[in-house]
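Chains here go by letter, A, B, C and D, matching the order in which they are written, and residues are numbered from 1 within each.
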C-alpha cells in the first residue's frame, strides 16, 4: 500500500476531507483492532465465517466447529435480521446470541453479529465481541452514536448507495463518539446490473486505505449474491489488499433460512481456505 | 388514475407482490389520512412547507405565519437532523419541537418532523402530528416497527437506492405493526447524474398508485437539490398525480443552516403557490 | 421558463460550460426548428407518434392516417432498428422508409426516423425529414459529425447513462459541424430500478432549457417501458415544460414486432391527445 | 475456472441465454485468439500497453521500445479518439496509425487501436492487428456488423451502462457476422461514485467466463481513472482470472494529451510488470 499512500495527489485530497479522525492525515499508521487475541488490520487475513441466520443451537455449533477446523478465527451469525419483508424470518433474537456465544467459546472463536437498534446496544454487548452495523443502517446516526460509546469493535458495512466519503463520515460518527475500533466493510453497491445481487467495488479497498487508517474487509457473499462467484472474488479482494473476508457458510446452503443462493457449503469453504492459504 | 389502475397487466403484477397490506389487491379504495381536520390523499393537494432545520423560535414562527398566509396547511421542520457529517448542525432537539408546536398552534398548521431513533417515539409523538422516517432510515426496521405501534400518521421517504418494492415492503412493516396511516414520499434516487443532487423519479407516483392504496407525496427540494428547479418539478409532480408536495422554505435561503441551495425564498414560495392554485 | 433562466446561479454555471454553441450564453433566445410548415420549440406542443418499427405499407399508412386525425403532425417509424440482439427484427430498411414517406405525404406529416451509420446519411436524407440519433449512438462521434453536415434537423436522444453535459457535448458536435437544428430528447436513464425499463428524468427538461437554447422533447414510451404509464408521464413532461412528446402507437400493440409493452393502442392515444388538448 | 463452470445453476442459466454463438453452451472450450505469434485467452497474461493517444512518431516509438523491454507484447494507441467534447484532441488519424505500425514492427509488438466508423474498417485493417470497439460504440450495430466481416480480432469494450447480457449480445453481432475472434474487455461502469471515474466490476470476469467461451481482459486505467489505483486493481483482476490487462502508459503522464490522471509513468509500469511476473 505504500505506493498508493505516497501519491501526492491523494495526500492533497485527504487534507480537504470532511472527516477528521478517520483520515490518514489524522493518523498515519494503520489501525489494528485487537480482540481476544486476534487482530484485524495486521498482516494476517481475518476470515469471518458463519451462517446468515443463527437457526438453532445445533446449527451454529456445527458451523463453529467446522470453520474453526479450517482455520477461521471469527464466527458470524445473525440473530436480529434486517429483512426487506416483515414476513421473512426475523431472527432468533437474544436466544440466538446465546447459542452463538456458547459455540464460540467452545471453539475459541471471536463473534460478530448485527445490531439494529440503539436500544439493543447493552444486550448485544453482553453477548457479542464485534458489533456489526449493516448496510441498511449505515446512516442510522442514532445507532452510530450509540456504538461509538461502547468498548467493543464495530464493523461498519457500506450502504447500498453510499459513496466513499459517506462511509468515512459514518465511521467518523463512531470515532468521534469515542470508539476508535472501527472496521470498514465493502459489500457491493446497487447498480443497473441484475445478474449479480450487487456490484462488488474492489477499488474501495485501496481508496479507503489511502484516505483512512481503518482496516478494510470485503463481503463477497452479499457483494455478488451468487456462491459460485465467492471464491474468485475472495481471491481478488485479497489481491487488492483486503485485511479480511466475511463469508456466509452453511452445512446445507439450500436449506439456509436466508441468503441460500450466496452461501457456501462446507466443501466450498474448505476449498476457499486452501486457496487463500496457498497465496 | 383509473386508467392506470384498470390495466390488467398491472393487476396481475400486483397479485404476486411480496407485500400484502400495502397492496391494491388488499385494499381497492385509496387510503385518505385524516389529521386535525386536514386530509392527505383526497382531492386537495397537501402542501407541507418549512425550513430544513428549526433554527430558533422566531425563525419557525415567521415561516409558519408566512406559509399559512399562502394557504399551506402543513409545517415541516427538522429538530433531529440526519446529517452525513457528525460536525454538521444536528438540530435543536426537543426544544426545537416545542418551538414548532407553538408556531403550528398559533397558525392552525399540522406538523411534520423526522424521527431517527425508536427510543424517541414517545417524545416525538408528544410534539408532532406526523412522524417522518427519512430516506437514510427507510430500512431501519426497528424504527419502522416502533412507528407502526403509534396512533399518528407516518410519512415514509424512499431511500436513495430503494426500489418500488423495497419502499412498499418498508411500508408493510408499519402497516403490519398496526398503523394504517402511512404516506409514501418520492424524494429522488441516486444515479450517475451529479448536476442535480438526486434524480427525481416521477414515475414513482403512478406506479405506487397502481400497486398500492397509500397516498404519494413528492419532495422536489431534495429531489433536485436546486431551488431553481423546485417550481417546475412541483408542477410536474402534480400533473403526474401526486397527492401533495414537501417544500423547503426559508426567509433567507442562503442563511439557512442546512440545505441552503435547495430552499425557496418566501417570494419563490408565493409564486409556486399561485402556480399551483391556477391549475 | 423565465424563472429558471434568470437564476444567477445557473448563468454562472453556464459560463463555465465545456460546450459553446449549445449554451444559453452563446444564444439567448430559444432555437425554434422549422420543418415543412411545422415548428419544434415554439409555443405549440410537437407530438411525434408512430410505430416502433415500420412493418408494412398498410401498417404505416393506417397509423399515419390515425395520428393525423388526432392532430399529431409528426410521424415516427423505424426502418433501421438498433436491436440489442442480432436475432431480433432489424427493420425493413430503405423499403420501409419509402412506405413511411408515401404515408406522410398522403396525410401531411413530417417524418422522423433513426440513422445508425454515417454511410447511410445521404440515403436517409432522401427519405426522412428529421434524422434521429438514438440513445445507443449518442456518443458515436462519426455519426454526429456526419449529421452535422446535412441541412435537416437532428433529434438527439440522451444515452442510457449520459450526463446532461455529455448530451450537450454531443449536440455540440452536430452544431460545430454546421447544423444548427438540433432537438434534444430525454428518454430515460439506466438505474437500479427494474419495474420500469428506464427512469425518466424529467428534471432534464428545465436543466437543458436553462443551460441551452435547444428544444427539449420527452419520450415516455422508452422512458417507462410500460404503456399504462405513458399518459401520466406525458402530462408530467408537458407540465415540466417539454416542447414535445415522442410516443409509440400501434393499432394492435401486442402484435407490434418490437416494444410491444410500451406501445399505445389507438384508443389510448386518442385519450392522451384529448388530455393534452385540455391543458 | 472449472469450479465456476461446473456449477449446475449457471449452466441452466446459460441454456436460456438470448445469445448463441457467444455462449458456453455453444462452445465448451475457451476461445484462444492467435495473432502474430501471440495468444490471448491462453495461460499467459496478455499485457496491452501504450498511450491514450498517439501524439508523434517519437512518442510512440519511445513507448513501444519501453513496454517491449518490460515484456509486454501488445501496443495500444489511439489515432481516432472518441472524445466527449468536439474541442478536445481528436487524434492524428491514419498518420498516427502509420507511426504505431512502424514502432510495433521495430519492437515485435502486436497493435491495438480503436475503430469508430464502419467506413474506416478497410483503412484500419491495413494498419492495425486488433481493432477495438470502444465503450461508447458497444451498441453501434453497424460498426459491429462491419468488424464481424473482417479477418482480424476485435476487442469489444463494455459500455458505461451495459449489462453482461448486453455485452454478450454485442459480441454475438460480431460472431454472427462471421468473425470468431472476439475479446471482451471490462472497463468500469457508471455508478453514483465520483471519486473514481468508473466503478470497475471485476465480477464481470468470472461471470463472462462462465456464460461465454470468449477471453476477458480488464482495463484498470479507464476502470478507475486514477493512476495510483491501477497497479492494485491489475493484481486483483489477475486474481479474478483475467486473461490480460490494458494499461495506459506515457513517459510523462502529466504531459499526456488525454487521460493524464490515469496514465502510468514508465517507472510505475515497470513496477507493475515486476509485481505481475512475481505471481
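Following the convention adopted for this analysis, a residue touches a chain if its C-beta (ideal position, glycine included) is under 8 Å from a C-beta of that chain, and two chains touch if they have at least 3 such contacts.
As the structure is a prediction and not an experimental result, all values here were calculated from the model.
Taking each chain's centre as the mean of its CA atoms, D is the chain most distant from subunit B. More C-beta pairs touch across one of B-D and C-D than the other; that pair is C-D.
For the pair subunit C and subunit D, the distance between mean C-alpha positions equals 33 Å.
Here the CA centre of subunit B is 47 Å from the CA centre of subunit D. Residue positions 161, 190-192, 194 of subunit A are each in touch with at least two other chains.
Taken in their complex, subunit B has these residues touching subunit D: 161, 190-192, 194.
On the subunit C side of its complex with subunit D, the touching residues are 18-20, 82-87, 116-120, 136-137, 139-143, 159-161, 166, 169-170, 172-173, 176-177, 190.
Those residues of subunit A that touch subunit D in the complex are listed here as 3-4, 7, 9-10, 161, 163-165, 189, 191-196, 199-203, 205-207, 210, 223-224, 226, 228-229, 231-233, 235-241, 271.
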